[in-house]
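Take this structure, written in structure tokens, and hold onto it; I'll ask about it next.
Chain IDs A, B, C and D follow the sequence of writing; residue 1 opens each chain.
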Amino acid sequence: MTKVRTPFILVNFKTYSEATGRNAVRLAEIAERISLETEVCIGLAPQFVDIVSISSTVSIPVFAQHIDPIAAGSFTGHILPEAVREAGAIGTLINHSERRLKLVDIDTTVRRARESGLLSVVCANNAIVGSAAAALNPNMIAVEPPELIGTGIPVSKAKPEVVSGTVDQVKRINPDVVILCGAGITRGEDVAAALRLGTEGILVASGIVKAKEPYEVLMEFAESVT
Amino acid sequence: MTKVRTPFILVNFKTYSEATGRNAVRLAEIAERISLETEVCIGLAPQFVDIVSISSTVSIPVFAQHIDPIAAGSFTGHILPEAVREAGAIGTLINHSERRLKLVDIDTTVRRARESGLLSVVCANNAIVGSAAAALNPNMIAVEPPELIGTGIPVSKAKPEVVSGTVDQVKRINPDVVILCGAGITRGEDVAAALRLGTEGILVASGIVKAKEPYEVLMEFAESVT
Amino acid sequence: MTKVRTPFILVNFKTYSEATGRNAVRLAEIAERISLETEVCIGLAPQFVDIVSISSTVSIPVFAQHIDPIAAGSFTGHILPEAVREAGAIGTLINHSERRLKLVDIDTTVRRARESGLLSVVCANNAIVGSAAAALNPNMIAVEPPELIGTGIPVSKAKPEVVSGTVDQVKRINPDVVILCGAGITRGEDVAAALRLGTEGILVASGIVKAKEPYEVLMEFAESVT
Amino acid sequence: MTKVRTPFILVNFKTYSEATGRNAVRLAEIAERISLETEVCIGLAPQFVDIVSISSTVSIPVFAQHIDPIAAGSFTGHILPEAVREAGAIGTLINHSERRLKLVDIDTTVRRARESGLLSVVCANNAIVGSAAAALNPNMIAVEPPELIGTGIPVSKAKPEVVSGTVDQVKRINPDVVILCGAGITRGEDVAAALRLGTEGILVASGIVKAKEPYEVLMEFAESVT
């Protein structure tokens, strides 16, 4: 996992208009500036169509939001891992709460990510699903209680037991997996709380993308982990 | 539908390695050259990640292979119509046999395409499904019997009654819809046969992308419709 | 369609506990009594596991809530049309808003229903989807705006234009289809309003199943159509 | 898990016509007879519509082929765990290769099975998926390489390492889970081989249902484990 360092902040652009097309590139440039200034590793997960523009503009790690469990061939409308890699991504989210996958497909997708040179971040909604995901040997697991996503109620404060429970259960099954947490994170202290619970980074979306001043908020996040 | 002219040849790049990344751009340049030389309208449907590179390289119409029935928001891993449009596409396939959609989602997706300035090409497997799709008011319908896709057995010869039946039934429900056909088309005479059956163009994938000499084959297609 | 007469009242039992197992049989007996007393045709759509008990207890028509587009074979966990028929059902809902299907699967499912001797009732959320469904030649179409389902706000009063628009558009494409409407229907006058808008019956669920006095409410429905 | 004893033979009726309706009841009676004669625990997984008929006819354990991760409510066309339980089933398959589920839904479904008094048998295609499933705490795991299902090539002979690997990996994560294996089992010696590899039973479908003499074959299976 030489392409990212922990503590790791991964910003999911979702399909927000504030993070589409030119807006996506602008947000990526802000993130790159903060990463260079603070030396904190910040990754970006833009929409598929924006991966090329962003990865050719900034030097920080770019992730896909999803890949399909397929090889090259007849899969119209699907996301080929190798295409995402050639476009400049170095990793991918898998099984995000807005794009849940079948168990057998997560297994295949984690393998396909590995084969095509992509880091895998499997999302989980609770500690048990996180520990099941750990058995599939992804590089990272991101635990996000879906009921907190987008609420501004930080998982690291509202459900610390979900975070620390996930850390415990995942590490028992697979001590090599890096654990992120997400949902409701909008302030630097939420990020710091997440790390104190044993995670090695966070997954954030609206907290940055929808912020009035993304630069200020992301800088606060980065400073809280240094 | 000022962005494409009939007869229309639409080349689906699927997730073929011959049509991914740099290969996709190279194939797009070949298609553009033929379109300029023959004045036949040729469209391209590359993978999502390649839309930006291709639409900024060539001047012929670019289509997405799929869009999701969503608006901007929290839809990680999905395809936002406006993002596809901003990336340079002017249309999209919908309901391809390798990416079938729910009926209610086709309805929403056709609307979302219209709202975001994308032409819609709804795929259908037979005349009845084609006529149901016609009721949803897309710009085009592409009828493709799935059992012939990728076989080299041309639908326009093996199942002419499916093609002409689709033309009849679709036109009765919605005379404004442009009808394409596809599956198994590998030679110029297959294209000409399709037009004689009442279609206004074709949807082709492996016949071009997997051809030893894509330039020769696509040129044969273009010449057969002039 | 000799197995049901119009005006037709179809009661969807969903997976309500008030309409599961013994409760389902009890509710079926109430419906049968009202149908015998009023001579109004009342159908029941219980859960799959309850079809045998209900169809062997009452003489009124029993529908499945869904069937799969399959033939006998290796389809663990799926609903075989012939099995539903042998269990005593004479029809089936297809594409209910809580069980939406792909367009190509609705086409196949309507055919499979016909082949196995089941009447097909395809659900639609609006007039356009209803007219697309009409092209597939089902026996009935039930239009239900999903945003009104379970609200007690009757579609026949809140959105009369959706109902009458569906009637117009469906009849233009396929004059033989019987049109039902549903969503929010809790009183006899809602049923009467639906018929005045050109439908030939209604699809109802919580309005009957969750009623304090199902006998009273269903009797009011039946009397309103005689 | 007092309702089944190991070694356990679970017969999946799928949607075979030989195991639908009256045929299903007849096959269930054969299985019951063999179970009584040999004292081997034999379970049956018929189609949903046949659960009531079978569980009211025979005294051996009946399983559903699938349940949905839902509670009572508005879920037209879905399988309510409590309805399956009231119909007489005492367990359920989950995530069969012909009915794969999302990871988060398997988690919820296993819980819902437990809450409604159903034993859970989660199917897996390989040892890694089996170990992920083990983290979800089902009662049993059935490993079935999909490429062998229905072939007559027994997993216990063709892929013994998949079976023994699954046993090892599952037991490391969750020693309480009972492990079954399946795919291609048609003879008593295949069953015996499965037990020697560390499983405590088998999941079988066509090997029994499609046999010319189901009584003979199932008797051979039962005798091989006594």
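Rule of thumb we're sticking to: a residue touches a chain if its C-beta (ideal position, glycine included) is under 8 Å from a C-beta of that chain, and two chains touch if they have at least 3 such contacts.
What you see is a predicted model, and the numbers here were worked out from it, not measured in a lab.
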Counting only C-alpha atoms to place each centre, which chain is farthest from chain B?
D
Counting C-beta pairs in contact for C-D and for B-C, the higher total belongs to C-D
Rounded to the nearest Å, the gap separating the Cα centres of chain A and chain C is 44
Per the C-alpha means, the centres of chain B and chain C lie apart by a whole-Å value of 37
Distance between the CA centroids of chain C and chain D (whole Å) is 34
Which word fits how the chains touch one another: line, ring, star, complete or other?
ring
Run through the chains and report each pair that touches.
A-B, A-D, B-C, C-D
List the residues on chain A that touch chain B in their complex, please.
12, 14-17, 20-22, 45, 47-53, 65-66, 70, 72-80, 82-84, 86-87, 93, 96-99, 149-150, 205-206
Note which residues of chain C are touching chain B in the complex, please.
95, 100-107, 125-126, 128-129, 131-137, 169, 173
